[in-house]
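In this document, chain identifiers A, B, C and D correspond to the written order of the chains, with residue numbering beginning at 1 in each.
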Amino acid sequence: MALPAPLTGVVPPVCTPLTPEREVDVDSLLRLVDHLVAGGVHGVFVLGSTSEAAFLTDGQRRRVVEAVVGHLGGQLPVLAGAIDMSTARVLDHVASVAAAGADAVVVTAPFYARAQHPAEIARHYRRVAEKSPVPVFAYDIPVSVHTGLPVDLVLELAAEGVLAGLKDSSGDLAGFRQVAGGVRAGAGPAGFSVLTGSELLVDAALALGADGAVPGLANVDPHGFVRLYRLAPAGDQDGAPAEQERLCALFGMVGAADPARMGPGSAAIGAFKAALHLRGVIDCPATAEPQIPLAPAEVERVRAFLAAAELV
Amino acid sequence: MALPAPLTGVVPPVCTPLTPEREVDVDSLLRLVDHLVAGGVHGVFVLGSTSEAAFLTDGQRRRVVEAVVGHLGGQLPVLAGAIDMSTARVLDHVASVAAAGADAVVVTAPFYARAQHPAEIARHYRRVAEKSPVPVFAYDIPVSVHTGLPVDLVLELAAEGVLAGLKDSSGDLAGFRQVAGGVRAGAGPAGFSVLTGSELLVDAALALGADGAVPGLANVDPHGFVRLYRLAPAGDQDGAPAEQERLCALFGMVGAADPARMGPGSAAIGAFKAALHLRGVIDCPATAEPQIPLAPAEVERVRAFLAAAELV
Amino acid sequence: MALPAPLTGVVPPVCTPLTPEREVDVDSLLRLVDHLVAGGVHGVFVLGSTSEAAFLTDGQRRRVVEAVVGHLGGQLPVLAGAIDMSTARVLDHVASVAAAGADAVVVTAPFYARAQHPAEIARHYRRVAEKSPVPVFAYDIPVSVHTGLPVDLVLELAAEGVLAGLKDSSGDLAGFRQVAGGVRAGAGPAGFSVLTGSELLVDAALALGADGAVPGLANVDPHGFVRLYRLAPAGDQDGAPAEQERLCALFGMVGAADPARMGPGSAAIGAFKAALHLRGVIDCPATAEPQIPLAPAEVERVRAFLAAAELV
Amino acid sequence: MALPAPLTGVVPPVCTPLTPEREVDVDSLLRLVDHLVAGGVHGVFVLGSTSEAAFLTDGQRRRVVEAVVGHLGGQLPVLAGAIDMSTARVLDHVASVAAAGADAVVVTAPFYARAQHPAEIARHYRRVAEKSPVPVFAYDIPVSVHTGLPVDLVLELAAEGVLAGLKDSSGDLAGFRQVAGGVRAGAGPAGFSVLTGSELLVDAALALGADGAVPGLANVDPHGFVRLYRLAPAGDQDGAPAEQERLCALFGMVGAADPARMGPGSAAIGAFKAALHLRGVIDCPATAEPQIPLAPAEVERVRAFLAAAELV
């Protein structure tokens, strides 16, 4: 389908269900997509961080995007991560997901490689955009790549037409506001899309100009985020904060695992997958290696969060 | 060839010469390997950070390891980096380089993925070693992966036989000494190899127990590092420091580029490749995208470092 | 005066005007306080980061708090920073500012000292609160102390009555929301005050439960922040965003200086003081050593920001 | 006494014994100084990080330097830390310790304050040196101040005569070597002193040009470090490594405490003080607030390290 410009609404980063042997479980993946569609989402983002893209082999990545694109059949826009260390490697992923039918690609700053000077980041996005057959979204995720995208740089690349949008997972809402404001003020092409990845601040981000949200927790409760998206810009001062607060409480599940046993990534992805398993959406809650699996008591804590939100 | 245990001596991380179009220049690569062999090195390490592994596509990586293994024909051990974000992706590279004939693989902690809890790092190396057909070296490079390998963890994995050696690019010589001492004291299998990646401290590392060195600058001056390797453990208190100081001065070339124009990676790799080009070893000094090329005046500064070391 | 519980409204961190010789310019300081009072602020915060507390000697700090407390004569609550590395040093400042009449103290986590384990931070606040004659606010400022205050820790210390409030300069609005929500849900004493230090997000912070704001930019435009404070909770969906956007544009002055010449602190404090000087509030825009002064062209850029906001 | 130029030898950063009420225990402090003198040290460094300077009040700092200077009576040079956030505050400490008779001051880059641009750091040292009545040593301690001192900056300030020496606690032996080499090559005044703070690398640092060492562990075993200092430059290839390895093993005591209970500072200072208490040098092992005290089982682990080194 043609990508709306700007892309708006709730665009969940789709979890990648795995079998116990850590192969992509396509049946569960498609059930998850159906669950999101039923929740009313406005697009899907495959192969993002919540999708465990960093853990999937190239073959597994291809399987995911082909399955989702084929299943949706143009019903909703599909964004696909092209997550890799540097320009040429990213372009291989771009070619692969575009061939599989993705409507746009989502690309981080270079990482591992020490090519994180603003001039190097700009060159990276320009080279990627030159060769990409589909629009390029910048993915600002300093927790993973260990550098942020400067506001000025994003606005400059938007104005050049290099970038079609921003997926902001920086946690820096002030910087996000500056990008949104800059775009509104005319930096950037018409239709530049500003999306927040902060599930705890979707209401605030919408209030200050976000076009939409990419909340990992929307895997678990797409209906809640879609309700929030509808309430917030309408200025419903009772409904929107209440819905957001309910989702904030639900998000507490990412703290269900013992932080002495595992890092925050294993805990968060593990909780989302456990919740999807408990809700009957996916067959197996396994996360990719080398993430640590949740213990039974930790899964019970996830269940308690679902119960409090009346989701089980 | 059978990998010596421990692997000792000078094992340069081989630069990857590129054409102006950023394809692997195999002819130049083999001339560079010949230059290293002529310098007396004891092994080569392809697809490391100095090799721009983070910038090479999978196809380019394969081309490099096949060309070098084929060219050396067992004359010297070939280590190959299997640099990627997480376990399954690393294992794909391991399979590829082992099939091409690499004698060992060099593997970092997970990166990008937030799977950097010690339990997750340990699980990563255990899973990789279970499936790797060749020995696994740990690659400690916090500047790229944003976590270090704790001394205790390295010694534990050495004792289990998971790791065959350590390539230390942490800059933390005190931690390096603790690993070397622990190995000597019996933690770790017989033949565990402790290699330093700090070209400015090769003499010091050898004095405190390193088996060898993996100096990026050895691309430019392999003879110098081989001389240093021979002098140092012999306790030659005149020759070793003098040779090391000469190499420290030569290393100044990594500061030839203007730090306002590019990051330290572009500057260092750019300088090494400029030097190899000036010395007539490779045809083109291009570095991979999105690294910034050295300007002519910066190249002249590299030439001055070579001249001071009587290398041009 | 008795400190309101919770403290609400706009509580600017008061700049500390200096003479060209870098002594406290008390006349200018009191004019600045009058300017803030005329703007309608609800309290003042002296000896915070924007006040250059880190640069002032103990004698200068004492002079500031005595002058401001004496001048206000109980008209408004006065919070005072007690910024130092560790417990006993902080307590010396607490005694000094409390003796001078401050109504509350604002205290960071330990810094420089490597005592930043959650157990050490908790012990620090407990020891300080035991001996402080006035209420203690936690000051969350990771950019300066290089650790954040975990949400759970703040809520635990609030529930114990150790803390009377939080001054949040973390930039992490999601964490801020979790503290505000936790306090509302009953963690913390009645009257616990949650204040944001993010001048670009005052509307958003108020919408999600902030009691007030501590914006450095309010030195320059107190009237604007007081208007915003009144509009925001009233749900004025036209006025509040417009006022906040105006202030965001004005805040652009912190980028007036050339980042190649100085760090972001020199640039921000230098811009605020230049603006106060240009507005005629203070006699001299000097900042404390070793901060770099703004050059004339940079001051002109500050003037342009003021002009655009119709403040000169 | 006149400060030797360069200052050479073993210059321990003297622990500050405290009473159970956390007051300076002057009797124990002087016994500790006698213990160091008996061990043959070449100077003492009071009010450094190992001295818990960051935790001591101004009154306590003054007591320490007056007691030690008075006790030594010119027998050995006394360096004193002037550890504070910025120029004016540092100068107050400089005045205080110089008045008390310190022979030199040791000064870090600005911290807390965001004045860490190279131009700001240089300005800081220049202003301090202009007003200091005694020579100024730079203290490179990124773990505390969160920035390193660039090699070029140190050499530039040395050449200007601003700095009389460097106390390097960066852990970056390559950078240390570059400073030592630059000084030898004529950057810096005659007599510039290059001292390492890395107790695990004293032999290596001496081999590559250090004038001396400032090892925290020398509180516990001054004799060992003095022996090492004598053996190392003599090129005693049996004795020096053996002594250094013995000291490395002894240093293991900093890991005696449970890292889940406290940070690394509490653990290290706690271990040194426990060891001094077990050896009968000081009356009470208390560390300053808010550091966590070692538990009895952890103290027993410290005792085991002492026993293995035949020090109890």
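Following the convention adopted for this analysis, a contact is a pair of C-beta atoms (placed from the backbone, for glycine too) under 8 Å apart; a residue touches a chain by one contact, two chains touch by 3 or more.
The chain lineup, named per UniProt: A, B, C, D = Dihydrodipicolinate synthase family protein.
Fair warning: this is a prediction, and the values are worked out from it, not measured in the lab.
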| item | value |
| --- | --- |
| Chain located farthest away, centre of subunit B as origin (C-alpha) | C |
| Inter-chain centre distance, subunit A versus subunit B - centres from mean C-alpha coordinates, in Å | 35 |
| Cα-centroid distance, subunit B relative to subunit C, in whole angstrom | 49 |
| Contacts with 2+ other chains: residues of subunit A | none |
| Every chain pair in contact, whichever chains are involved | A-B, A-C, B-D, C-D |
| Residues of subunit B touching subunit D in the complex | 171-174, 177-178, 181, 198, 200-201, 203-204, 207-208, 235, 237, 241, 245, 248 |
| Sites on subunit B touched by subunit A in the complex | 22, 52, 54-58, 60, 83, 85-89, 92, 110-117, 119-121, 123-124, 127, 143-146, 261-266, 288-292 |
